[in-house]
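Shared chain: chain A. Partners: chain B in the first complex, chain C in the second.
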Partner chain A sequence: MAMMVAQTVNMGSVLFYVFALIALVSAIGVVLSQNIVRTAVCLLFTLAGVAGLYLLLSAEFLAAVQLVVYAGGTLILIIFGVMLTSKSPFSRFQPRRVEVAIAIALGLVLLVMLIMGFDSAIHSRHFVQETSSQAQRYPMDKLGQVLLGDYLVPFEVVSVLLLTVMIGAAYLAKARRRERKGP
Partner chain B sequence: MLPALCTLSQASRTVFERAIFGNKPQPLGLWATVVYYAIAIAVITTLVLLIAMIGIWAERKVAGHMQSRLGPNRVGPFGLLQSLADGIKLILKEDLIPRSGDRLLFRLAPYVAFAPVFAAFVALPFAPDMVFEPRLNVGVFYVLAVLGVEVMGVMLAGWASNNKWSIYGAMREACQMVSYEIPLGISIIVGVMAAGTLNMVEMSSAQGGGLHTWLIFRNPFVFIAFFVYFVASLASNKRAPFDLPESESELVAGFHTEYSGMRWAFFFFAEYAAMFVVGGIQAALFQGGWNDPFGLIGHYHSKFLASGSTAGLVVVNLFGATVFVAKASLIIFIQMWLRWTLPRPRIDQVLYACVKVLLPIACAMLLGAALWQLLVPDQTVAALVVQIALTVLGVAVSGAILLWIAHAWIGRRGNKLRLTDPAEIPQKAAGPAAA
Partner chain C sequence: MLAQVDYSTIGLLHFLILGAALFVCGLITMLTKRNAIGILIGVELVLNAANVNLVAFNRYSWSAENGSILLTGQVFAMFVIVLAAAEAAVALAIFLNFYNNFSTIDVERADNLKG
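Coming up: the complex of A and B.
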C-alpha cells in the first residue's frame, strides 16, 4: 500500500486496530461457536466493534443507529427466539461438511471481490484520502435536510416497507379464533 | 471522531483540557491521549461508584422514612457508611456460579449490563466545560443507543443462570425494556425538536435565559412529553412500579437470583448509574441542564469566557455541576418515592400501558410539537406568552405539591393514628357468646 500517506501513530489508528480486532475476533467466534446463545453474544461484540469503526469515521449517527437497531433490537429478538424455542441451554448445531465447504468457498469469493473492489477504489482518480485535519464532521441538521430533501423517495419507500413488515408481523402473531364445534 | 480525538480546538473544551493544556489548540500525541483517557475513565468510575453508594444509602433511608421507620442509622452518622460496609461485605462473599448454567455467559453478563451505562456518562453535560466529550453531535441519541445494549446483559444473566425464575425475569425484562424504548425515544424526539439539536451541551446552553426558557415550558406538547418520558424511563430502568424483572415478591430476585457478591453489585451499580443517566438526560433535555432558574450561570459563563478568567470559569462550572447533579438527584428521589408508593402491575398491564397509552400520547405529542414549530415560530410573542403561561403552571403545581408536603410534615405530630381503640368496637360480638 505504498500509495497511502505515511500513517502517524495516534489515538485514532490505535483505536481503529482495537475496534477492528474486536469485530474480527467476535466474527470468528460467531462462525466457530456451536452454542447459539454464545453465537449471539459474539455477534453483539461484532456489532459493537463495527459501531466503534463508524464512530472513528465521524459517522456518529450511524454508529448510534447501529447500536439501537442491531444490538438493541435484532440481537434481542434472536435471543428471545432462542429462549422461547430451545430445549436446553446447551443445544448445539453441527453443520455437515458439505455445508461448511460451500460456505468457505462463498466466503473466499466474497473476500476476493471485496479486495479487488477496495484496490480499484484506492487507485481510482476519485479517491481522496482525508487526512485528520481535513475530515469533515457532518452536522446532524444537514443529515436531516438531506434525508428529507434529496433522498426523500428512498426514505418514504423504506417507511412503507417497515409499515408492511409491521402489518405482516401483527397478522402472523394474531391469535387465531377457535372454531366452534357443533350447534 | 478521529479529528476530535487528535486535535483539541478552542471551542467547548473540557476543564481537564484547559487545566492540562492551557488555552492553546494543539494536537495531542498518543501517550498524552492515553493518559487523558485514563484520567477520564478513573473519574467516571469514581462517579459511578459514588452514585451507587449514595443511591443505595438514599434508597434505604427513603424507604425507611416512607415506611415510618428509620432506615440504616448505625454504621456512621445517619448510616452514611452503610453502603461502604455493604460493599466490603459483597467483596468478601463467596463467588457462586451455578454448575449447570453457562459459566462464561454467567461471568460476562454483569459487565455487559454495566459497560453501556458507564459509556453513557460520556455524554452527560454536568457543566458548560465539564462534559467528557462535548463534541458528540448525537449526544442524546448515543445515550439511548447504549442504554439499549444493557437489555442484552440482563437477558444473558437470566439465561446463563439456568433457573426458571431467572429466565422469566429476563424475558419479562426484555419485553418491557424494549417496548418502552419506543415512547422513550419519541418523547426524546419531542424535546429535541424543541431544542433543535441532539448535542447535549448546546441543548443545555439554549436553556440559559431563565426559568421560562427551559424546554419543558417551551410548548404544551413538550410539557406532556416530559411526563411520558418520565414514565418510560421508569420502565427502562426496571424501576418500580415496573420492577417486574426483579419482582422481589414473585421471582425470588428475577434475573439476578443466582448472582451473589460483586457480580450482583455490578448489576446494582448499573441500575443506580442508569437512574442517574436517565435523570441527567431529563435534567439536560427538559429541565435546563446546568442552568439555574434565574439564568445566572449562562450569563456568568459567557462573561468569564469572554474575559478569560480561569477562576471565574471554575466557580461557574462547579455551580453548574451542582445544579445538574441536584436536578438529577431530584429525579432519582422521585423514582424512589414512587417505588415505595405504587403497587406492581402485571406484565400484560405494563405492556398495555406502553402500547395503548404511552405510545399514542407520545405520537400525538410528536405531531403536535411538529405542528407547533410550524405554526408558532420560536421568537414570536405568542411563543413567549405560552412559555410564560406554562412556566407559571409548572411553578404553581410544584409549589402546591411542596406546600402540601410541608403542611403534612408540619402537622405530622397532630395526626391521630388510626388504630382502633378497644372501647370503640361495638359489643355485638359479645352477644352470641354471652347468650
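Coming up: the complex of A and C.
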C-alpha cells in the first residue's frame, strides 16, 4: 500500500500542486485585494508560481526569463506607476456590486465552458497523453537556433517594436506641468 | 465527460485547467478594478495564463518516437513576455498622462467622450 502511494505520488506531482497552489491562491488574492500595492505583491507570487510551472514543463530558459523580465522588470514598472499616480498608497475605489456580480458570473460561465472544451483538446491525436518519467531535455542552444533561424523576422520586428515603445513611452510620460489643469 | 482522463499523473489537462483558472482570475480583475493599474495587472494575469497554455501544449506535443523537439510554443511565450513588457510600459505612460490631467487614476472618471 505504501509503495503504491509512493509510486503514484511522485516528486513531479507534488511540485506541480505546490506551484499551482501558489499561483492560484495569489491570483485569487489579486482579484480580492482592494489595496493596489497588495495586488501587485500577489501578482509577484503568481508570476513566481508560473515560473515554477515552466521549470516542470522543462522550459528552464523561459522560467528564468519570466523571473527576470516579468518579476524583475514589469512588476517594478507597475510599482513605479502606483507610486507616481496615487496621492496616498491606500487610496481605493470600490466597484459597484452589480459590476462585481456580472464579472463573477461571466468568469464562472467562461471557466465552465473552457473546461468543457478541454475534452477535444486532450484527445486530439497531436498530443501525447503519457508523460515520460524521465524529463525529456533539449539542448539549450536549440532555442537560440530556432529564435535566430525560423523566427528571425519576428525577432527583429520585436526589437524594432521595443525601440518604438521606448521612445513612445518616454514621449508620453514626459511631464507637461504647464498644461496641467488644476484638480 | 472528463472521467476517462487519468488524474493521478500530471498531464496536459492539469496545466490547461490551471491556465483557465488564471485566465478567469485575470478577467474578473479587469472587470472589477476601477484603478487603472489594477486593470493592467489583470491583463498581465491573462497573458500569463495564455503563456502557461502555450508552454504546456509545446511540452506535450514532443513526440517520443522520433525524438523531434519543437520549440514553437516556447518561442511564442517569449514573444508574449516581451510584448507584455512593452504594453505595460506604454500603458503606464498613458496612465501618467491621465493622472497629470485629471489627478486621479479612477477609470470611471475618463468619460470625456461620453455622449
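Going forward, the second predicted complex is superposed on the first by the 148 of 183 C-alpha atoms of A that agree within 3 Å, B and C clash if a C-alpha of one lies under 4 Å from a C-alpha of the other, contacts with A are read in each partner's own complex, and residues count from 1 in each chain.
Criterion: a residue touches a chain if its C-beta (ideal position, glycine included) is under 8 Å from a C-beta of that chain, and two chains touch if they have at least 3 such contacts.
Since we're looking at a predicted model, the values are computed, not measured.
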Joint occupancy of chain A by chain B and chain C, clash or fit: fit
Touched partner set for A:85, first chain B, second chain C, both or neither: second
Which of chain B and chain C A:67 touches, first, second, both or neither: first
Most chain A residues touched (candidates chain B, chain C): C
First, second, both or neither for A:38, with chain B first and chain C second: first
Which superposed partner A:57 touches (first chain B, second chain C, both, neither): both
Touching partner for A:12 - first (chain B), second (chain C), both, neither: both
Touched partner set for A:100, first chain B, second chain C, both or neither: second
Smallest separation of CA atoms, chain C relative to chain B, angstrom: 11
Chain A residues contacted in one complex by chain B, in the other by chain C: 12, 56-58, 61, 65-66, 73, 80, 84, 132
Touching residues on chain B, where the partner in the complex is chain A: 1-7, 27-30, 33-34, 37, 101-102, 104-105, 108, 112, 135-138, 141-142, 144-146, 148-149, 151-152, 155-156, 159-160, 162, 167, 170-171, 174, 178, 181, 196-199
List of chain A residues in touch with chain C within their complex: 8, 12-13, 16, 20, 23-24, 27-28, 30-31, 36, 39-40, 43, 46-47, 50, 53-54, 56-59, 61-62, 65-66, 69-70, 73-74, 77-78, 80-82, 84-87, 92-95, 99-100, 102-104, 106-108, 110-111, 114-116, 118-119, 121-122, 126-132, 136, 138, 142-143, 146-147, 151, 154, 158, 161-162, 165-166, 168-173, 175-177, 180-181, 183
Chain A partner contacts - residues on chain C that touch it in the complex: 1-2, 5, 8-18, 20-29, 31-38, 40-42, 44-45, 48, 51-52, 55-64, 69, 71-72, 74-75, 77-79, 81-86, 88-90, 92-97, 99-101, 103, 105-106, 108
Interface residues, chain A side, partner chain B - complex: 9-12, 14-15, 35, 37-38, 41, 44, 48, 55-58, 60-61, 63-68, 71-73, 75-76, 79-80, 83-84, 89-90, 132-133, 135, 137, 139-141
